[in-house]
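First chain A sits with chain B, and in the next complex the same chain sits with chain C.
Then we have the complex of A and B:
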């Protein structure tokens, strides 16, 4: 069924529109004065436990990487780079240069294309985004730290909460329990 | 200055430069003042409106845009095809899916592929979620313009519902990068449609409350009614677009005039108001949110009926290894084949357009067969709407300026590109 244009008009002004309009506005205002909808996050006393699939910081699983450089090639912000590291081949015993991906979080836009393009699922997102770096140079991650999830420094002592969509209240903040996926 | 500017012959001096838009100055008469509104003014956003006032009445207005110009078109020429998607998103990040969709469609036309039906429905789903969120963002800004703090807080709070839904669907709150050549990047997660239905019912209830506290409030109505009237013929002459055009009585919506994706299969109305004043433009947006909610309901029903269908075109999915299919089964995430990074698009030209929250956006894409676009031309909705200020501000009082600015819903980053 295709869409169709429908002419509409603004609601007409009645005789008592001023009285009625003011009264309606005040009633709605008073209603929310006594029963407000609030979902302010008191950070860092509480923090959002983001859903699985959130495009947060990226971690490399070293064993799965096949050094194909697909992630570096697709990165739209040139945040992912391949570096060459001399490595000993266990079979032949010879030292050769091997390419590994590293990431620069100064440039990363968290589009997640590197994770999606990786043919062996060697990259994954951690579902959090509040990580603090003390200086800019620290954001240029080396291979060693790229293989570990970044340390969650800011809201360690907070309570994890999750926002759930509710029919009456819009968004409702509920405490998150471990292992509960909703 | 030796640069040659069209319309002015010979060597260009400073006095000629003054004739250019944005440089207009002239001898001001008695009681005639020049007021610069923006670009640092909190109300105007990243743009400047130069107005000349006689007492309190605006006699001349000159919209001066370009403060957030980021050379989107030129940047796109230096990147591979797929990297354009996260780039063009930056024009209007709270309307990301609508803004990038025509680019994806144009490239798909060049590649000669069409996404599967479920992918089309998922695109429409995110487009409408984005549209509602963008309208609510506009309401919030409009509310604070006319000094209604409640209307500033409420839409921004309710927008969070839609941002949360988009986050759940795509993995990012605003910069989704969701549509991709041949399909979409993720399937709707388990339980998503139920939450969507809850959000739809909640939003319907809230729109009624918006009406009571804001749109039909006599105080607000007195400030908006018959202010900033764009007559039907002027709207067509200036070439404005989107809800502003429809509020002036023109039946024009890309979803209706040139349906894309699955909009021709969905049942919804294109609301058209006749008055063309600020209040009509607000009502226009309220009605359009209602229609978007109606579309979302139909999309949710369709998605529930067709679970587990393919969401990526065969060209990129048939050759995918078993791991890719396993990941899709388990997480709903479409893994991209590495060919995406260096995708070569056949030689040719393509044009595509879509209806964003602020109007029509069109992309002209030209390829010379390389792995980067030869040319991407973008005409965004806000760029076309900005001219309105020049023609409808004169004659109004200064206090009407925020009302008109807010009701036009101009978004500078999108206009400047």
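Then we have the complex of A and C:
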């Protein structure tokens, strides 16, 4: 048996309903005019302090890597790839090809699956995302620069801020203090 | 020295003073300030910053100068399909005709500093203020563009809706004072008996009517950006577009001056003397400041309201605003009969 249709009821409106609504809107406007709570991020002068666990750029710790290629296999955007690099084995002295992961940031969607899947925790995220590349070819990272955190300049010059949800005012921008909760 | 005296004499000649200085130069300065105020107010209410990066110390005020320069130096494109003569003349005529009502507006009570005799000034200025809207419709027709024509039709619908409300509500002050003379209307408000307080219905009708007349924000229907590109001004570019916008803002300024005189006591806390400074300059400044505050209130409403649809606005105009103006007229006549004024 289908549910019975419930007739929509209009809220009761008095004679002065429209006038009252207009007046309320103007009062809210005046309130904000005298006490504006701006949440625009003035970017180079301010930047959002990101929370711990933020999935930013990915860095490889070379010593921990066991060349298993799990990261390349799980990558949904095919951004992570394994490359073969000739390397000397210290025990036998023979040269053999070793696989290393590299990343292409043109394709990366920052899902963090490679970091999660890594059995030795050789990959980690850096907690920032504002890095500037001059051309597309630069975004295809080689092994040497994959082992170092990418350099960034702009965000270091500003004040760290954080957005919090206030009970009365909604979304509010507050300056971040060192040693605050995570 | 004779030259300087002559130039000063020409400048303070009442028709020139009122049409060029008070009608063109003062509104230009006021409009730049009001545009800045409008953008900053909308930003404050909507929790943004507005123009900021051009001059952070001045709150981004130089942004407006930059915009003005952009309009002044942009190329004026005249499309092949337009009716060229009318296309060029219509905005200029609208600009001139939007200033003209100031000729019948007294800025002082001294007869020496009036451009024309003020016996029927309420009627004359109201009649002149309605002319310029026709040329906006003409500009839209000459543009030969579907968006322009839709905008022009909307404008013509709006003209018929707002004109009656404004005229009746300002004429209610004439009914209250039993005189068509603006000087009598202002002098009757002696001792802070402002007609905005005595007759709030007529004031409200005139206020909303002016918002509709000048495409103020709840009624920004002819130029609504997301429906018809820029309404009647779609084909205009560069300086001609600036002239169109200037005409709209000067119209708003002139209506603000009319409302200031009719409802806010004009120059009144001050009593004009006979010389130029005390008899003409100071009262003019008082009237302009009051009109500017009124314009600021108009532009504050932009931050609060969304836009009405055309049918909603016309519905509002004919079913609420027009009766409101009539009630204002009735209230004015009643107050005059009871001798409250």
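Heads up, the rule we're going with is that the second predicted complex is superposed on the first by the 166 of 182 C-alpha atoms of A that agree within 3 Å, B and C clash if a C-alpha of one lies under 4 Å from a C-alpha of the other, contacts with A are read in each partner's own complex, and residues count from 1 in each chain.
Everything that follows uses one rule, which is that contacts are C-beta pairs under 8 Å (C-beta built on N, C-alpha and C of every residue); 3 or more make two chains touch, one makes a residue touch a chain.
Keep in mind that this is a model prediction, so the values were computed, not measured.
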*chain B versus chain C as contact partner of A:42, first or second or both or neither*: second
*asked:* I'd like to know which partner A:175 touches here: chain B for first, chain C for second, both or neither.
replied: neither
*Answer with first, second, both or neither: which of chain B and chain C does A:120 touch in the superposed model?*
first
*Greater chain A contact set [chain C / chain B]*: B
*Looking at the overlay, does A:29 come into contact with chain B only (first), chain C only (second), both, or neither?*
both
*Take the contacts of chain A with chain B and those with chain C, and give the residues found in both.*
25, 28-29, 37, 39
_Touching residues on chain C, where the partner in the complex is chain A_ = 41, 44-49, 52, 300-301, 303-305
*Complex interface listing, chain A residues touching chain B*: 1-11, 17-18, 21-22, 24-25, 27-29, 37, 39, 51-55, 68, 70, 73-74, 76-77, 109-113, 116-121, 125, 163-171, 182
*Considering the complex alone, what residue numbers of chain A touch chain C?*
25-26, 28-29, 32-33, 36-40, 42
*Residue ranges of chain B in contact with chain A within the complex*: 79-80, 82-83, 85-87, 150, 157-158, 160-161, 164-165, 167-168, 171-172, 175, 177, 185-186, 189, 191, 195, 198-199, 201-202, 206, 209, 212-214, 216-219, 221, 251, 253, 255-256, 259, 263-275, 279-280, 283, 287, 321, 323, 327, 331-338, 340-342
